[in-house]
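Paired with chain B in one complex and with chain C in the other, chain A is shared by the two complexes that follow.
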Partner chain A sequence: MTLDPGTLLQILFWGLYAGCIYILLATGVNLIFGVMKTVNFAHGELLMIGAYVTWSLFVLTGVNPYLLLVATVPVLLALGVAVERLAFRPVLGSNKLNEIFLSIGLIYLFQNGAALLWGDDYQSLRSPFEAISVPIADFRLPLDYLIIIGVTVAVLVGLQLLLRRTRLGLALRATSQNRKAAMLSGIDVERMDMLAFGLGAALAGAAGTLWAVSGQVFDPYMGSVPAIKAFAIVILGGLGSIPGAILGGLFYGLAESTATYTLGGAWKDAISFVLLIIVLVIRPTGLFGERGE
Partner chain B sequence: MRYTGLILIAGVVLAAVLVAGCSTEPAATETPATLTVGVVASMTGPASTTGKDMWQSAQLAADEINAKGGVFVKSLGKNMTVRLVQGDDESTREGGQKAVTRMITDDRVDVLVGGFSSAVVTAHQSIVAENGVPYIITGASSPTITRRTDINTSMMFHHCPTTDDYGEKTTLFVDETVRPAVNEKFGFPPGRPLRLAVVYQDSPYGKGVLSAVNETITTHGLDIELVASEAFKMGETDFRTILTSVKAKKPDVIYPAAFLNEQVPMMTQARRDVGLDTIFLAVECNDDPDYYKGLGQYGDSSVIESRFSPYAIPKGPIAAKVTAYRNGYSARFGGFPGMMGASTYEGVYVAVAAAEKAGSTARAELASALSTIAVPEMVESMEGGVISFANPFRESRSNLYMEQLRWDAGLQELRPVIVWPAELMESPFTLPAWYRPGSG
Partner chain C sequence: MDLERLSPYLPWAGLAVALLVPPLSSGSLYVLTTATIAVVFMIYASAWNFLAASGQGSLGHAAFFGLGAYASALTASNFGLPPVLTVLLGGLFAAGIGLLIGLTCVRLKEWFLAMVTFGFAIIIQTLMVSQFAGISGGWDGTAAPALVPSTVPFAPWVQYYLILAVLVGVLLAFRHLLAGRIGLAFAAIRENEVEARASGIDPVRYKLLAFCISACVAGIAGALEIHQFGYVTPEVFGTDISFWPIIYSISGGLGTLAGPIVGTLAVTLLWEGLRGLELTYARFVLIGLLLVLVVIFLPNGLVSLPRRLREWRRGRGGARE
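Showing the complex of A and B:
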C-alpha cells in the first residue's frame, strides 16, 4: 500500500479531530470518576444533548454555532448539577450496583426525553465556515477542523487553570485524592461532587457542539458508541487521570483513523479495543493510572 | 326497612347477572370484524425517518380501504375493516424480534407488512416462520430474505427490489451513461474503463450491493474497474478516513450502499472535507424528502436509483395514482412520502387483496392467496403492470430508473430528473463543471 504524504497528513488530521471529541468526553468521565468515584454510563447522552441544545439554539437564533458554545456549556453544566443533585447523590456510597443501574437508567431517560423533545429523526447543522479551507501541504483542510482543535485546546487549558490555579480547583483535587481528608479540612465534598459532575457534563456538551458543527449527524440514540469509547480511553489513560484521558483520546483517534485506512472501516471500533487489551495486559493500571490516582 | 338491604343486594346480583350475560353472550358468537395487519417499522432508532414514512403510508392505505367499506371476506359473508398494529423494531435486530413476537402472540395479527433493513428482518424472520404468519416484506433488500434455506420462507413475500436487482441496474447505468460521458468530456479513449468505488455498509444489504456490482461487471463484461471497496459499520457518521482511502484510489464514480443517516454525512464529508469532486450514486432507500433536504448543494449532480420518488413522477399509467398518493399523504401528514412508504402503502393493499382472494383471514389461506396474486400496479411501476409473487423466490419485479439531482436555486433544495432508461428520460445525464475524473 502506497501512502503519499498528503494522504498521510489527512489521515492524521481526521484522527486528531476524532481525538478532540474523545478527549473532551473522556476528560469529563475522568473528572466525575476522580471526585465521586462513580462512573456515569449516560455520559454519551450528555454529548447528544449538547449537540441538540446547540442545534436548537442555532435554529432559533441563527447565531454562529461556535459562539453557541457559550450557551450550550452552561446549559449542560446546569443539567449535570441537577443530575448529580437529584439522581446520583441519593445513591452515592450506598452500593456500586445502585450507581451503575442508575446511570444505565439515565441513558434511557435521556434518549427517550430527547426523542420526545426533538423527535427521532437525525439532525445536522452547517458551519458558517464550511466553504473555507486552509492549504496544508497538498490538501486543503476545512477551517472548521482547525477551530475544533483550537476550541478543544482552549477548553483543556481553561480546565487546567481552574484545577491548578484556583481554590476551587484545589478543593476538587483534594476531594479527588482523599475524600475523608478533604472533608476533615473543611471542604464541602458534596459541593465538589456537584461541581465535578457539572463540569463533566459541560465538557460533554462542548463535545456535542463540536460533533454537530463538524458535519456529523446526531439523533437521540447516538451517544452510546462515543461513551463506550470514552470509557475505554479512561481505562487506557488511567482511571482519574486527566493527562491520561488527553493522551488516551489522541491515541484512540489516531489509532482509529490509521486502522480504518489500513484495515478498513469495519475495524474502526474493534482496533481501539484491541489496543486497550494490549495496554492493559502490559500495564493494568493504564498509561497514567498510578500517578493519576 | 328490614327488606331494603335484601332488595338492594338482590338487585345488584340481578344486575350483575344481566350485565355479565349481555357482555359475554354475543362474544361467544362474535366473529372477528377486522383484518389485523401488523406493520413492522423502525419508529425509533437511527432508521426512524424511514420507519415513520412506512407507518404513515400504511395508515393512509388502511384509511382509504376502510373509507371504501373495508375488505369483503367471503367466508364471513361481510366486509371487515382493516386494523393496523404498529411493531416498532427500534432499528435493531432485538427490537424487531420483540416487535414481531408481540404482534403475533398478543395482537394475533393475520398478516405482517413492512420490515426495513435486511439485518433487522433477517433476525426476526425465524419467529415469523415458526408461527406461520404471512409476511409481505417491503423494505429489506437482501436477496437472501426469501432465498435463505435455513428457515421456511414459503409464507414470506418480497415486495422490494433486491440488492441484485438495483445493484445490476445501477452498474449498467454507469456503464451505459456515465462512462461514455466521462470519456467524451475528458478526451479519454472510448474503451477506457470507468474507475468505480463501492463504499458499503458492513451488513447483508451492503455486501449484497457489492456482490451485485461485481457480478454485473463480470456477467456483462463491462468496462468498469472496481478500484476500491470499503466497508463501514452500520450507523457510522464519520466517513472522512474511509473517503480519504477511497480518494487515494482515484475513482471516477462512488457507489455507497448506505442508509439515509449514513449517505447524507458521507456525501457531505466527501465534497466538503475530503475534496472528492466526483459523482456519487445512491441506493433507492434514500429517495426520501429528508435526503434532498439533508444533502443541500453537496448533492448536486449526484445520482439515485429509484422506483418511487417524492419529487419525480415517471411517465406512464401510474402517474395519476402517484399524484393521488402523494397528495393524500401530504394532506394528512405534511410533506411527501418516501420510497419505503410507497411500497408499504402497496403492501397493505396487497394484504387486503389477498384476504379478498382467499375469502378468509386464516394465515395459511392468506399466504396461499399471496403466492398466486396479481394486483394491478399502484404507485410504483411494476414489470407486466402487476404486483405478483409468482416466481420461485416470491419476489415482485419493479421497473427501476435513475434520477440525477439538481440544485434548484428558487427552492434552495435539490430536485431530481429521471435520466435513465431512455423510455422514461426527462433530461440527459450531465457531468457538472466541478467534476474531476479519477477524483483524487
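Showing the complex of A and C:
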C-alpha cells in the first residue's frame, strides 16, 4: 500500500462521492429535528421510495435519470407533508418513545407498501454517462461522481438560499430556535412542521435519485443501512445542525473510503458503527454539537 | 362486566389455557409449533419491555436475541453440551455484550440510544457474514441441535412445556424486580432522570442493570427459538426480529407485565388469521398500520382497552345527562 498524492486524491474523491448521498439524508434528518424536535427513523425508507420513483419514471419515460430529480423531489415533498400531517402530528410532544415507535410502524408500511407496488426484486438503473470518465492527476474519475457531487452542492446551496433568503426560511429558522416565540410572532408552527418534514423527505428523495443513478442496487428493504449511516453522521455532526450534517458527512465519507481502501470492502458498512461508538465514548454530544439533546 | 374484580384470576386463567394448548392442538404439529414460537416471543417481548420500563427504548434487540442464539448453537454443536445448558450460556453471552453496549448507551438520551441500537443489530449482521463468517457459517448459518432430543417421548410437548416454564419463571422474576426498589428506581428514572438523581438514585447503575437483564433474557429467548428451528442464520439479526417485540409490547401495553403477553397473543392470532387470506406483503403493511394506529389512538395498548371503553361509555352517558 502506497500513499502517493494520486492515491490520496482518489480516496478524497471517493469519500466526497460516498458522503454526498448520506449528507443529503442526514441534512433531512437534522432539518426535521431542528423544527419538530423529533427523529424520523423511517428516513432511509424515504430514500428507498425516492429511488423507486426515479426508476419508475425512467422506465415510463426513458428521460435522463438526472433530470428526473426534478420530478422525484416534489413527489417525496408531498409524501413527507402527508406523513407529517397524518402520522406525526397526532403524537408530537406526547412522548419521545411514542414518536420512535411510530417511525417503526412507518418503516413496515413503507417497506412492504413498496414491495406490493414495485415487487421485492433488486432493481438498478444505468446512468447515461456510465462509460465516460474524466482524467484527474494520474487516475480517471467517473463523470457520474462529479455530477453527483455537483448536484449535492446545488441542492444544499438551494436549501441554504431558501433558509437564509426567504421569509419562509426565516419562519422555519425561527420555529427551530424557539417554538413558543415563533408562535407568538404569528408563525403557524404546525405548517412549519409540515414544511420541514416535506423538505426533509424531499432531500431523502434527491438522495434516492442519486443512489439509483450511481448504479447502486435497491430493493424495498435497503433503507436501513443508509439510514444508519445518516444517523452516524447526525451523531458526528450534532443533532439538529445542518452545517454539522455537512461536515459530519464529509468526514464520514472520507472515513468510509479510507477504511475501504486500507481494511477492505467488508468494512465499508461496519465502519459507520465503529465510528459512532468512538464518537459517543469520547464526545456524546457529537463532534460539532454544542449541547446534547 | 366487572373486569377489575376478575383481574387477579386472569393470570391463572391464562396459564390454564396455555397448559391446555398441547392436548387441544389435537396432534397438529403446526398449531403446537406456532404456539411454542409465540411463547418464545412472549419471553423476548417481556425482555424488551423490561428495558423500556427503565425508560430505554431499544430498536435493535435482535442483536441480543441473535447473539444468544449463535452462542448457544455454536457451543452446543462444537462442544456437545446439551442445549438445555447452552441456552443459559447464550443468555450470559448476550448479557455480556449487553453490558458493553450499555456502557456506551446509558448516558445517551432517547434519540441517540434509539439510533445506536438501531444500527447495532444490522452491524452485527454485517460482521457475522463478513469478519466472523468462518465461525458463524456466513449467510448459510449453522445447525443447532434440538432443545429436546426427538428420542424423548412427546418431544414437542416437552419442549413446549419447558419453554412455557421459562416464560413463567421470567415473568415471576420481572414481577418481583419491578415490585421492589428496582422497579421504583426505574419508574423514577423514566419519569425524570434529574429528579431521580437528586433523590439519590444512580441512573447509570440502574439503566445498566436493565440493559444486562433484558439482553440476557432476550439471548435466552433467541437460543430457545433456534434450537426449536434446528438452525440459525444471520436473518436472526434482521430489523424484523428487532421490531416484533416492540410491536407486541406496544400493542399489548408498554411497561406492563401483561402487555407483551396480550400483545403477542393478539398480533399472532391476527397474523395467523391473515395467513388464511393468502396475503403476503399486505400482512406486513397491516401490521405497520396497526402499530401506527395503536401509537396514535391507544398509546397504553390493548390492556388499557377495558378502561378506555368504560371511560368512553361514561363520557357518553355524561354528555347525555
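Throughout what follows, the second predicted complex is superposed on the first by the 281 of 293 C-alpha atoms of A that agree within 3 Å, B and C clash if a C-alpha of one lies under 4 Å from a C-alpha of the other, contacts with A are read in each partner's own complex, and residues count from 1 in each chain.
FYI, contacts are C-beta pairs under 8 Å (C-beta built on N, C-alpha and C of every residue); 3 or more make two chains touch, one makes a residue touch a chain.
Small disclaimer: the values here were computed from a predicted structure and weren't measured.
Undergrad: Following the superposition defined at the top, how do chain B and chain C come out on chain A, clash or fit?
TA: clash
Undergrad: After lining up the shared chain so the two structures overlap, which partner does A:Pro5 touch, if you call chain B first and chain C second: first, second, both or neither?
TA: Neither partner.
Undergrad: On the A-aligned overlay, A:Thr260 touches which partner chain: chain B = first, chain C = second, or both, or neither?
TA: It touches chain B, and chain C stays clear.
Undergrad: Considering only the touch criterion stated at the top, classify A:Gly150 as touching first (chain B), second (chain C), both, or neither.
TA: Neither partner.
Undergrad: Could you figure out whether chain B or chain C reaches more residues of chain A?
TA: For chain A, the partner with the higher number of touched residues is C.
Undergrad: Answer with first, second, both or neither: which of chain B and chain C does A:Gly93 touch in the superposed model?
TA: Touch status of A:Gly93: no partner.
Undergrad: Looking at A:Phe41, would you say it contacts chain B, chain C, both, or neither? Reply first, second, both or neither.
TA: second
Undergrad: Please indicate which partner A:Gln216 is in contact with in the superposed arrangement: first for chain B, second for chain C, both, or neither.
TA: A:Gln216: touches chain B, not chain C.
Undergrad: After the superposition on A, what does A:Ile107 contact: first (chain B), second (chain C), both or neither?
TA: Second partner only, chain C.
Undergrad: Which partner does A:Gly158 reach: the first (chain B), the second (chain C), both, or neither?
TA: Neither partner.
Undergrad: Give one of first, second, both or neither to describe whether A:Asp269 is in contact with chain B, with chain C, with both, or with none.
TA: Once the two structures are laid over each other on A, A:Asp269 reaches both partners.
Undergrad: Once the two complexes are overlaid on A, one stretch of chain B runs into chain C. Is it 116-124, 260-268 or 314-322?
TA: 116-124
Undergrad: Determine where on chain A the residues touched by chain B overlap those touched by chain C, and list them.
TA: 115, 120, 221, 225, 266, 269.
Undergrad: For a test of understanding, state which residues of chain A touch chain B in their complex under the given definition.
TA: Spelled out, the residues of chain A in touch with chain B are 3-4, 7, 10-11, 14-15, 17-18, 115, 120-122, 124, 126, 130, 139-140, 142, 145, 215-219, 221-222, 225, 256-257, 260-261, 264-266, 268-269.
Undergrad: Please output the residues of chain A touching chain C within their complex, sorted ascending.
TA: Against chain C, chain A makes touches at 33, 39, 41, 87, 90-91, 94-98, 100-102, 104-113, 115-116, 120, 221, 224-225, 227-228, 231-232, 234-235, 239, 266, 269-270, 272-273, 276-277, 280-281, 284, 292-293.
Undergrad: Going by the contact rule set out above, which residues of chain C touch chain A in the complex?
TA: 52, 55, 57, 59, 104-105, 107-112, 114-116, 118-120, 122-123, 126-127, 130-131, 239, 243, 246-247, 250, 254, 281-285, 287-292, 295-296, 299
Undergrad: Given the complex with chain A, which residues does chain B contribute to the contact?
TA: Residues of chain B touching chain A: 43-46, 48-49, 52, 91, 202, 230-233, 235-242, 244-245, 247-248, 260-261, 264-265, 268-269, 272-275, 290, 294, 296.
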